[in-house]
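The structure under discussion appears below in the form of structure tokens.
A, B, C, D, E and F are the chain letters, set down in written order, and residue numbers restart from 1 in every chain.
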């Protein structure tokens, strides 16, 4: 039934390549099938003005699609002079999720920015971003400990994310573009490796959904995300 | 336990005032306790460029807080030269929700913009906006039928929205500002009057949440939103 | 002769509602007939950079129309990414006028911003804004004295404003939209309660005007503004 | 009493140089003493969208100060990314005044933009701009008639403008920077060569003014502007 | 003498990977040592407004650095709301160079945009961009012929580019970051595969240069660029 | 052969007027035939943030065309809300060139901004700007010495610039607009009065150029620029 022939619960092959570029303190290329996102974590001393003097650090994120990451070229946001609503919404989601993974007090007055730049898009760019960004963040924190900037690891738990949805009446995991653009419901789920929820964002694109469908989607998300945590661990060892 | 003395499931008094201003085709002031939002629906002929020639209409929304709707004054977005990420995220949510309420084919090539301007904020501005905007939208559609622009009512179902959350370990409905700024989890739920979900957006602000808490919050949302539909009906009759 | 049946010198019913919203230090809804403006005065410690170290305070204003305050919807300035020339011109006028009402030295290094947001427009929004903003300002200053921030009242004199014009060859007071859009001359007058002028801005929209017409308009302004001072006093007692 | 030794009613030497640059259809350098403004009128076929199909033309203006036209350098507005409120206010005044000089129906569906760029500033830049722009406009209209684009002259009357004010308690004409920055009241007056008013904009910078002072200033303006009309005529012959 | 131990005329290893992403009509990752640029060529029907009705096509380019392509993170231009001068200067150079490679008449009324996004920077990003963009352009044109949109190949000649400079008094080819930031003179040369110049941009960063140095640099550029053409041919076969 | 009847090597009459405006520390109107640029140098204490604490000064430049400096009116960049790529490219070139003329250490922690505003354009505006800006800079530095701010003259060498090109197959100097818009190659050359190169920017607009043409153009540039240095000296004595 799925264009790719996958089963309802089957996620796409996931590849996590660390040290993809050489300058960032954490640099991860994550691939969910044909979706490819470069996640670069940058460490800087100090915190933004609104966080000063609290003895805590700050973690944030920026997200962007290269203009031709998609089937047809989109205008470059820098040329248009502003970031679109979708971009801002996604980067707020990534940043919130990453902050939920870290004890900001243990980070000290340091800032980590994770840039998620989509090289190629085929659905699920925000969930791939979160999953890859968490690995880049972990690498950046290791770098900080190696440099003696941090004494303990501020990570509270790893996080990962998956999109699920209702497509032709059936709940499926890890939607690719063809499915996503045609789904009745689309839901992004961010979880901790302790099995709890960080974000649940379900949207009825076509038809409203009921509690039964919601629970089916959450079940698929839970199982798929467990596989993502396996990939993260594999990559980090 | 709640600052206002409300029970966990108790929503604030809701007031819906139609025809609040005189120019808009639908004009509703909605109050959830101290949260007050003016929702003005404007009808215009034609559709945006990307919708042209599809024989369908368009419904969209814009959201803004007056600078002193909150405890301390925020900069005016028009003066800063751009809308913030929070604003764009909320107005995208309102617009998506309203489009889920309407059969765009029955709307013909017409556009309805619903402006949600927060006069006074005390938590739940986005859910109050959605609930009020749906009434303004219904009034604008009635105006169109009265003018002979539409022959049938394009509304598929009314929608309404409520925020729920986990506060001091307990699931509660309709968070006011004091609760919202201190909650472990914050969830916005948009539903149809047929009891289905349009949007579910849960965010762990402090602690990750589990499936049990998620279900408790959804249950509170369902019941609270049922009361909102009663208020909408009352106002429309 | 006037669409409303008013006499040439007759101003519209004026309503001044204090404490219209709950957060601002001064919050006034002013109505000149169908024109309704919400004036919120916000107090903050400190002054803008260009005023620092002078031992003086600062009073400024911002003005905006809600998109559907008018017969047809205008684009939201925050969405367009800049404030229009008309908006900037009006808020500069309001701010200048308010500063003329206050002894900035007695204000200390504090700033008051008065936001004038037009909820509904029917001509005269800038003069209603000034008249209402002065009451909001007075309330904010009272709040500062009550809090012990100020020892004396920095108000030098109350100010109020009225639009006058030449319509179908006759000088009239307090133009509503229908008159305003058809007037030969449009003039905004800001006065002190000591009977002096703060601003006189007359514009020939259709036909140039002569000194006789100018003096007739000023006479109407003087009398109308005297009534506005009565309304301000009534509201403040 | 005046820094320059001028009498209260004495305006500065006025120089009007036509054809100052070679490309514009009308190009005038106007000097009021040390204030020098280049006024270039550009003719283009067609009108802006909001004027289309009315069988009428359009006249508008833009104003700018070169960054070092003043004592200290100001930021370039193009570099800051927006025009300031003062700039917009002034160019709206110039444009309104010029439109009052022209019968837009006789102009046909053509547009004239007059760019007023201040090369050197010493007070009165907006009134010099209006006075010079009117000559550039007249030249552009002559060019149109010479080209056969227009059959009749759309000018209804010439216009000119002067600043007047109250300085050290005395009404004076044509304020230079030193006077302007220290004046109690500042008033810009735009008149027709038929002796009527187009714009009267009086502002109490320091002290409120009364009707007596207003009339004294208007009298000075009338007389000074009469001299400006003489200079315009001289330049055009 | 060179940090990398290269000889003065030795360029870095060059790698050209075609079809690096799957959506663009031409997609090339080019590497000059550690400098890595993704060049995506997008074909669209039609031309920009200023080219309409000339029976010719249009080729343009956009350039951007990912925020962490460099040693320290730069602000994202989309977030700052505008493209910097360096970015605009480089993308204008790339676009001009590409247009020099193509017969726009043979392209018909079609547009090709080549996006050059720097994944990792180590000097020479603009010359790598031009060299890679030309291959992506060639691929996009082949795609157009395969689709039957074009009958003939509009490429007049291939182009490639190299940076040369004077470093510690000696002319060297293909500067990497360490050399570039310390060079006396920096020169970017764009050539055709027929051995002619498209662009020569030499800048004295430290010391002015003389004709002898200029000629030495041009000689190095010629030889290095010949190697780049070999790499392009290799990649395209 | 040249529209003006000039010989290939003949530059246009050059006029350099110092003290053109009265406020700037250096103010020069430079004319290359019909091209007229006003160059104002402004001195301010302190340096931009990125230069702080280095014990060095900063020299920068801004460039703009008045909207009607050209045959047809261009939009005002301040009104469009951003500077175009051509503007930024040119002002970066001017600024780099001026910095090459000055020993920034001898300047102390002071900043000089040179504004180059094109009053009238007929080709060669960027080279006229550089040539005039250097004189304005020299005057500003003299002013600084006269004020006792500087003890020694930080000028290392004067600089001047000329455009050369290949037009109808022949190398020519100092292209005017008619030639420039039709040239095969266009090259801007900035030199020191010691006969060395600061910038060489050659662009094949129509046909690629070879080394022979490049050398012919450089020879023309050298000779023409020598004449410019004579004019600078004449003006400064």
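Quick notes on this one:
Simple rule for what comes next: a contact is a pair of C-beta atoms (placed from the backbone, for glycine too) under 8 Å apart; a residue touches a chain by one contact, two chains touch by 3 or more.
Source: prediction; values computed, not measured.
If you take chain A and chain D together, no chain is in touch with both. Considering every other chain in turn, the ones in contact with both chain D and chain E prove to be F. Minimum number of contact steps separating chain A from chain F: 2. Among the remaining chains, the Cα-based centre furthest from that of chain F is the centre of B.
Each chain gets a centre from the mean of its Cα atoms; the one farthest from the centre of chain C is E.
Put simply, the C-alpha centre of chain B and that of chain D have 50 angstrom between them.
If you average the Cα atoms of chain A and of chain E, the two centres end up 33 Å apart.
Within chain E, residues 81-82 each touch two or more of the remaining chains. Around the closed ring of chain contacts, the path that opens at chain A and continues to chain E reads A, E, F, D, C, B. Residue ranges on chain E touching chain A, taken from their complex, read 21-24, 27, 34, 36, 38, 40, 42, 44, 62, 64, 66-73, 76-79, 81-83, 87, 113, 115, 117, 119-120. The touching residues of chain C, counted against chain D in their complex, run 82, 84-86, 88-89, 91-92, 96, 100, 157, 187, 191-192, 194-204, 208-211, 214, 218.
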